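Which chain is which? They are A, B, C, D, E and F, in the order written, and residues in each are numbered from 1.
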Amino acid sequence: MSMKDQGIVVRNIERADPQVVKGLAACGVATVHEAQGRIGLLASYMRPIYYGPGIAATAVTISAPPCDNWMIHVAVEQVQAGDILVLAPTSPSDAGYFGDLLATSVRARGGVGLVIDAGVRDIRTLTEMQFPVWSKAVFAQGTVKETLGSVNIPIVCAGAAIHPGDVIVADDDGVCVVRREDAAEVLKKAEARVANEESKRARLAAGELGLDIYDMRGKLAAKGLKYV
Amino acid sequence: MSMKDQGIVVRNIERADPQVVKGLAACGVATVHEAQGRIGLLASYMRPIYYGPGIAATAVTISAPPCDNWMIHVAVEQVQAGDILVLAPTSPSDAGYFGDLLATSVRARGGVGLVIDAGVRDIRTLTEMQFPVWSKAVFAQGTVKETLGSVNIPIVCAGAAIHPGDVIVADDDGVCVVRREDAAEVLKKAEARVANEESKRARLAAGELGLDIYDMRGKLAAKGLKYV
Amino acid sequence: MSMKDQGIVVRNIERADPQVVKGLAACGVATVHEAQGRIGLLASYMRPIYYGPGIAATAVTISAPPCDNWMIHVAVEQVQAGDILVLAPTSPSDAGYFGDLLATSVRARGGVGLVIDAGVRDIRTLTEMQFPVWSKAVFAQGTVKETLGSVNIPIVCAGAAIHPGDVIVADDDGVCVVRREDAAEVLKKAEARVANEESKRARLAAGELGLDIYDMRGKLAAKGLKYV
Amino acid sequence: MSMKDQGIVVRNIERADPQVVKGLAACGVATVHEAQGRIGLLASYMRPIYYGPGIAATAVTISAPPCDNWMIHVAVEQVQAGDILVLAPTSPSDAGYFGDLLATSVRARGGVGLVIDAGVRDIRTLTEMQFPVWSKAVFAQGTVKETLGSVNIPIVCAGAAIHPGDVIVADDDGVCVVRREDAAEVLKKAEARVANEESKRARLAAGELGLDIYDMRGKLAAKGLKYV
Amino acid sequence: MSMKDQGIVVRNIERADPQVVKGLAACGVATVHEAQGRIGLLASYMRPIYYGPGIAATAVTISAPPCDNWMIHVAVEQVQAGDILVLAPTSPSDAGYFGDLLATSVRARGGVGLVIDAGVRDIRTLTEMQFPVWSKAVFAQGTVKETLGSVNIPIVCAGAAIHPGDVIVADDDGVCVVRREDAAEVLKKAEARVANEESKRARLAAGELGLDIYDMRGKLAAKGLKYV
Amino acid sequence: MSMKDQGIVVRNIERADPQVVKGLAACGVATVHEAQGRIGLLASYMRPIYYGPGIAATAVTISAPPCDNWMIHVAVEQVQAGDILVLAPTSPSDAGYFGDLLATSVRARGGVGLVIDAGVRDIRTLTEMQFPVWSKAVFAQGTVKETLGSVNIPIVCAGAAIHPGDVIVADDDGVCVVRREDAAEVLKKAEARVANEESKRARLAAGELGLDIYDMRGKLAAKGLKYV
């Protein structure tokens, strides 16, 4: 984050192509992460509040003070159809920044979910609404509205750098970010992996071994593996 | 805890008014916590063993040695209808102090659940019984019955001070304690919040922004928020 | 682990008696752990990816480098009907070593699950397959295939020493290992506990107190417990 | 904490007897904790910023919002000679609430240190000043001055209930609280322990075994210990 | 990180002005962090292996696979006088990537230290060499040299985005990054803070209260603080 | 651990050769760990209570109940010159099992230190005595003497399997176990590494690069590393 990125709201951001976003949702986090060279994952402590089908969406980013959710209200106004809010606190916090009222508001703007490196609450209602959230914590702890943050600036969320308009892919395995400018190429590679996996699955189900399918025996022997 | 509070069982405790307890259950943890001024939450690592409807109940407190569940047997005799056991170990432990046999016994006395800053086991049976537990850990590790603790003394459980007879409100968002003497006033404030939230939800669902509903734009500008 | 146990695959291991394994599955982790004298539990951070009926199975052990799942492919060839893979990384890792393709392969060999002191991914598909996994993390993070480990050597997994052929008992409460040579005796003791618990449950459900059933009052008084 | 305890500063508190406080300092944390029956310890993550001689002091308590150190300025005015500030945030935080300027101010009022269930900074200067601090974290993260908390109300700090005027004993082993009303009796018991330990140390140094000094062999045999 | 940033070494990077870097070192982490608006801190778990005078240096960044230190050897060739290595693993690891031999090599090139979101070893020799390291862990665990990473690409290290050539300021309070393009302005603000703090320190040492120096009493009363 | 290994004290154990033990101490943990193929490390959370010269010693193992230090008294009787106590609790605990009185007793028997996957206290006195301890925690929390454990059975301590008589090597980098039967061979390999490192250090100090000394450029290019 630069010094200039404080107390600002960037209104016009470029978003990834919706068709590409849709395609990435179908591939899932593990495949997308592999397809782009094993980068872009958020930390493994980011967990969904309920298990369900995965999503992909374009990021509206929020840099928020610890235990202060004022900027979420500011960010909601910037949400367009197909967006997901992505919030990083400027100091670690597990407070519950977000609940069912904010989810109602995000959904009314066309937003599809939340990724937050902090806490969320009202998860029973959020689950009934089927409003997906990936968070570090579930915690009823409330927040204040006292200090400015920023909206739609580059942030670091759960260890991953995220720019506004990037693609967020999230499912039961976790959350992955794909840079907007990489998205089309990543989709192509991810779809190739999906196709390839299907044929592998059939062979493995039939009892063939990965050792043979992937031709590993020679390389293992060369490294010195001994059977005793 | 005072030096005097060791190795004792307090038999007669005052309990919060059952009607107030019932009302607080309906409001839920997040609302109750806000209503009493954002105090009283137990740490966010306290999680339910299954998701379900929230409860409220009056605390029978247990101060127990690490990995020693003897005092739970003592405490069960003190349980009355509408009570919940609240256990804090005197040194951190994730051992499984409590399982389905103890739950059967608590329920037979009219008890409605358990909050434990340690571990619980037999969670499959507990879930089938729909006996709610909020705990720090799920762990099959057994305990001994060797050392005394105390029942119905003031304790600190998961970071919150709890007195016997206080109201415990617990749901999927976590656990909150309301002091017995505050309970009626907190209920009044919580119910007011619930009513207020309903009207807000309708406006937000219709697409109105929190920025406008809560009249935040002027204050944001005064703090220096810039749109770019 | 000894210096000799590196880069080797042990092909012939003795496995616990399948009838004993089946009996232990029926007893469950908490009972088995008590029956063998409160030993053998893996750490409480080992959690199932979905809740369900417990299992017991014979261990095929894997010592794997951090973030390198090559040895799982090697281990699958050693899997027989009724086996479970048990993996310990040689340095802490939460990477996703295992997904649905490997599960398909394990199942094709008759394997029944995975215990891994690291991460797992594709958990939605694994859940649909009803392929049980107990792991330290769920994480989409991929792994490489570069460095040798070993298969069917003694390992330490989540704090417990495990030998190939030992019985792994796992359910919603966690994971427990029973040494192959102890299994028959542990089963006998566990079944005795189950029988005993049934009679206790009925008495507790009828309102009798553990204080009386287990005759604790005298011992408590002798230790100095005071009722006030 | 009660609902009434918010946004207030209690000016007149009773403090423990300075002579008793001094005596407790000489006994050290481990001895004092034993003497009062193994209660009163703060969590083990509370560590000193530098190792040194232990202290004892009377608590001026602070309940502060997360990442907001405004109340420390308020509390400093309440500090008298021999006091120590004890701060608990209302939501977990590792922000650096306190640095060398505040330490200068506390010392100017006669205060002798800080116990904080959060972060501290400027530790190089604090160490040069020999101003002792026990904290959860060392972190340069700054705080704001926006939201009220309270001074000299009962708090829970690092898992221990602390009242204003209680004695805080702190050394390289951690931090212990002694209730003001228990302090004289605890001191008596602690000093008896110190005397007793001296004679034990000499016998142990001479090669006598604790097994014999404490006459444990019979009890061990009775419990079933076997030598093989 | 972009897909393009894999398996590459960027040889020519722009570095911050050495005079500015030197100035920032003198200000220290807490002051620099405040001066740039409370941004740029690495996580509080990043601790020095020994306490000592702070430093500032220009970042040579390394993105490395988990438990694989091959890229450090590649990075050393890119080190110039006044640089510091900054390493982020692509999956969490506490392995000891770095020891005294690598430190000898870095120093021979003019490098002044290491910041690593993983482990370090040989800390006794590193301390004797007075080669400063800030790390997540101290751990003797070795690493392999099997998989490529990248050098001098943008990374996320301990939660902070870092670009090659940025200024790293590190001392006993932790580690802070200043963007190369912000460095001169941050220095100006930091030096102003230092000057201001000196005058404050004198007044506080003389017993004046922050409440009065910062004129807080009115604002506190307006917020509703009550003295009782 | 087997069912048979409960409530027993093994009096006669074979210990590693004292000359080999002495040699391993001189090599240090990182070198020994590399020499035996990167195995045997205890978890990185095991830290010394003070920094100092490393040691090596033969293990007298203790399996102890949580928060119960009775077995340490039993173990002291089994200590011979050159031994180190190695304690693993049967359930996680950070209680302070060990203090200066026990250290006095261990030293009187010729014992040289303690490795404990739990807590230690009286660290100021232990440091003055220069009695080295590696522990998971420093904590004044006391323990009881109520439940049996075992002495000189195989244990798992901080993730590593340890047999009585094995060599424990410990220094500022952590703790490593060498199996008694491997010790002589490991020492030979470790000493070879030390010799080799000396020559490398001189070349690196002279400015030669690891890239050239270890001839890495070709392999890096083959893997596809690109300089841009």
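We take it that contacts are C-beta pairs under 8 Å (C-beta built on N, C-alpha and C of every residue); 3 or more make two chains touch, one makes a residue touch a chain.
Keep in mind the model is a prediction, meaning the values are calculated, not measured.
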Shared chain contacts [chain D and chain E, defined touch]: A, F
Proportion of interface numbers common to chain B and chain C (over half same, under half different): different
Where chain B and chain F are represented by their mean Cα positions, the distance between them in whole Å: 42
Centre-of-Cα separation between chain D and chain B, whole angstrom: 27
Chain D-chain F separation of Cα centroids, rounded to whole Å: 31
Sequence positions of chain F contacting 2 or more other chains: 38, 44, 92, 94, 141, 147
All pairs of touching chains, each written as two labels joined by a dash: A-B, A-C, A-D, A-E, B-C, B-D, B-F, C-E, C-F, D-E, D-F, E-F
Chain B-touching residues of chain A, taken from the complex the two chains share: 7-11, 70, 73-74, 76-77, 94, 96, 99-102, 104-105, 107-109, 119, 121-124, 127, 137-142, 145, 147-148
Footprint of chain C on chain E - complex, ascending: 65-67, 91-95, 141, 144, 146-147
Complex contacts: residues of chain E adjacent to chain A: 1-6, 36-40, 43-44, 90, 92, 154, 156, 159-161, 179, 181-182, 185-186
Complex contacts: residues of chain A adjacent to chain C: 28-30, 33-34, 38, 41, 44, 47, 51, 54, 171-174, 176, 197, 200-201, 204-207, 209-211, 214, 216, 220, 223-228
